[in-house]
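Below, each structure is written out as structure tokens.
Common to both upcoming complexes is subunit A, partnered first by subunit B, then by subunit C.
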Partner chain A sequence: MTEKTDLLTMFKSVAENVDKKSFDDVTRESIITDLGIDSLSMMQIVGDMETELDLQIPDEDLVEIVTVGDLCSKLEHRIGA
Partner chain B sequence: MRTFVEVLRDNSVYTDHAHTFVASDGTERRISFPELWGYACQRAHRLHELGLKKGDRVAIIVPETDSFILNFIGAVAGGIVPVPMYPPLTLAKMEAYGETVRHILSASGAKVLITCPGLRDLLQDHIVTPSDEEPLRIILDEELVGEPMERAVPPCDVDLDDLAFLQFTSGSTRKPKGVMVTHRNLSHNAHSIMFEGLKSTSADKGVSWLPLYHDMGLIGFVVAPVYAQVQVMFLPTMGFIRRPSLWLDAIHRFRGTITFAPNFAYALATRAVRQSDSAGWDLSCLKALGCGAEPIQPDTLREFVGRFAENDLKPEALLPCYGLAEATLAVTFARLDASLHADRLDGAAMKNGDAVPTHKADAVEVVSCGKAFRDHEIRIVDDAGEPVPDRRVGRVMLRGPSVTGGYFCNLAETAETFVDGWLKTGDLGYLAEGNLFVCGREKDLIIINGKNFYPQDIERIASHVRELRAEQCVAFSRLDEEGKERCVLVAELLKRGTDRAQLRREIVLKVRSELGITIDEVVFIKRNTLPKTSSGKVRRRETKLRLERGGLELSQHDSQPPVAHVPTPRPSRPATL
Partner chain C sequence: MKPTKNIALQEKLYRQYMEFFEKAERDRRWSVFDDIPWDDINPEASEELALCVETFAAVEMFLPDYVASGINVVRDWFGRAWFQANWGYEESKHSIALGEYLMRSGKRTKEQWFGLHHDLVQKSWQPLFDTPRRMTCYGMVQEMATFVIYCKHRELAKQQDDNCLRTIYDLIARDEIAHCRFYQDVVKMLLEEDREGTLADIAHVLANFQMPGVGLVPDYDSRILKMRDAGVDRDVFIRKVYLPVLKYLGISRREMLSAQRVAIEQRAAQSANPAAE
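Showing the complex of A and B:
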């Protein structure tokens, strides 16, 4: 459970750093494109989180990421692996 | 003058030359020049066996660079016209993606799509409609795989005036147009880029992460380098976006001499490359650090060369250039060995279209994109089409052998853009001693992070918000303090007493979820005060000017726009190469 909260927190701070605006209200259910995050920023966020966690989500999984929770789950899955 | 196919064939004697493909997991694959030719012929024959003929169009949606390039050169060697398309990026946008793909398939008349197994089902679900009379045929790239042909001979002849491929441009958000690029266009442009612009020899090495469905990556690194026997290292685009250090690390390892990127990539690398990544790099090998495809911000480039000065990156490697898909790729290059040159101009004079140099501290900076290539001509004209003198801002027109024949099966748009041998670029700029300075766009296009948005699309969607007066709003972009382009919407409210904060959120969310662009600033104005022409059309530029000068009649309780607005220091910004 701690890990889940942590990834959401990490998402918020990384997204804020990339897009220079606050993402405080974001939940795991938030749809990433609805947050105004475009594909380019999204990839930067994925990259920054991957670097921080020292792991990599396979390219073919990236297209399936729609919500913030989807991204967190993909990362959790890799942390668990 | 040789076709791209002849160049691939002639290059097959360079057994020690190869392209290197880096996959997203970091593995590398080398394909030698003889193999490249062998594969091109093998795939060309395979495509003909599968029923494709010379002149047929074939769509390609393949994310892996090696596979994409082999399919591309295979089609070209078989006289088949490739139509490169971008792969889907997220399931959240599949509807809009499907719409664009269906439009391109129909506009190009492509009946066959080459893709990879991982994307087949997704594409099948979203781009094939049950009502299609002639269903799209999907070929998986694994059906085309084979050994490179020995003593390879292509299945048919291809000559200079044959169509090499169709480059779809983001002409509008949903309706891209297919630029017809012939082998003659490619050959002219490749020579200009490689020999005149880059003074290349076969000792040069290119490094690129640019997407291959776009002209800068495809022509700049797949087509042009082979004319000079230049070897290229291809990196995965998404790999670079996720880890920008990949790009410069590859240049260091591969001893790259030539690379190109749009402005945003320089900002991204400056921000995201860590000291621990760059510590051991030696970037002294770079001779051309090309910059184009979107407005060039001199400060971004200076910060980049400043950041990597400790890695011996030469500041004179910076190479601004200008071009557009309608002119194959590039038309002007700054001088290879010159430092970045930007004019410092008087802001007030610029508002009147005069580029007057100044020493004032608050000068407007515009980057020089250099001179036109030999046999190419630039002309700046006024609204009446008459040429204007040096340092007077006007419409940029181009002529020369790189200018293409227009848009595929689209006579109306072709006639509008290609007039009496001149290409109307849609950009605004001025000439000074033959050097082109691009300083704005004729059309009110909004470019954010390299993506084009039409104000009409934003206005259409915003108009659906109940509390706004339908079609009484305009969208445009302007620069913030950091020189970043921000999107603004000025709208008339339907009635007073509306909760403005709530309404702002609703508008931003609606536009964002449909178009993927975030409006940074929403300004409400009084009813019937939106600037219009006599025929009732909205006047975007006038609205923007009035907003900046404080000349809009803000709706009551809205005297404080939500974002502090910064006067735009120049008309708008250049859309370059």
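Showing the complex of A and C:
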């Protein structure tokens, strides 16, 4: 549970750093498109989180990410792998 | 960067263009008059399908601007400039095929078609980028996105039993991916010449990318909304454009991060203060 919360916190921090706006209200259920994050910012956020966690989500898995929770789950899966 | 003085790069560009041109001349050429099954138009095909054709045709109507502006940006690069001339010929064919479809299918009258042209040319397209390298990166991304869109619309035409339109989209999509490959191969060369600078330009183009019809075609946003199911949203852009382009160029997502960060920050700064640039 702590790990899940931490990844959500990390997402908010990284997204804020990339897009220079607050993502405080974001939950795991938030749909990334609804957050006004475009393709390039999305790839930057994913890349920055991967770098921070020292892991990489396979490209083919990226296309399945719709919500913030989907991204966190992909990262959790790699952490646990 | 002064490519005119870089003979080795000029030779590479020339060879690349000759390879592209040979394939185009030997294998890819098609004729509006001989290769499109005009008798296979489905007159019952939906108005929505026609609206999509009209939108593509409208974007193509800015061809004089694309050719004039585009070729002058790259005029110092021999192979690249000659490519631009050939590109203009192929795109003009796309425009004619789409326009003929609209008129021959009865979806638009001649008055509507030429009226649209008249309305459109009141505006002009301006290039989004002002260096040959950035324009090449833009061409690479734009042609890939366009290829994806035409492939999707080819399937829609097929679903509506319009073999004529399906064939038109098929031929256009084949041209678009050939254009994309040429741009990609040129960008590969530019990466060999100056990897850091080229990565920065790719990121800059991705950060500021927009399709050519934005702000020019009347009701563009509402047209795109109607075309959304067969368009390029964020996920499709990542899956079908961003990732394949990087893979072809041999660039990892991680390698793009530094350049992307700078480009996104510059875009935000520009957006906050548009008068600064």
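Everything below uses one rule, namely that the second predicted complex is superposed on the first by the 81 of 81 C-alpha atoms of A that agree within 3 Å, B and C clash if a C-alpha of one lies under 4 Å from a C-alpha of the other, contacts with A are read in each partner's own complex, and residues count from 1 in each chain.
In this text, a contact is a pair of C-beta atoms (placed from the backbone, for glycine too) under 8 Å apart; a residue touches a chain by one contact, two chains touch by 3 or more.
In this text the structure is predicted, and so the values were computed from the model without any measurement.
When the two complexes are overlaid on subunit A, subunit B and subunit C occupy overlapping space and clash. Once the two complexes are laid over each other on the shared chain, residue contacts for A:M42 go to subunit B and to subunit C alike.
Of the two partner chains placed around the shared chain by superposition, neither subunit B nor subunit C is touched by A:I79.
With both structures placed on the common chain, the touch criterion links A:T51 to subunit B and to subunit C.
When both complexes are overlaid on chain A, the residue A:T33 reaches subunit B and subunit C alike.
Overlaying the two complexes on chain A leaves one subunit B stretch of 1-9, 145-153 or 469-477 clashing with subunit C, which is 1-9.
Shared contact residues on subunit A (touching subunit B in one structure, subunit C in the other): 32-33, 38-44, 46-48, 50-51, 56, 59, 62-63, 66.
Residue ranges on subunit B touching subunit A, taken from their complex, read 24-25, 63, 88-93, 118, 122, 236, 238, 241-244, 264, 268, 272, 448-451, 508-509, 512-513, 516-518.
Touching subunit A in their complex are the following residues of subunit C: 203, 206-207, 233-235, 237-239, 242-243, 247, 253-254, 256-257, 260-261, 263-265, 268. By the touch criterion stated above, subunit A contacts subunit C in their complex at residues 18-20, 32-33, 38-44, 46-48, 50-51, 56, 59, 62-63, 66.
By the touch criterion stated above, subunit A contacts subunit B in their complex at residues 31-36, 38-44, 46-48, 50-51, 56, 58-60, 62-66.
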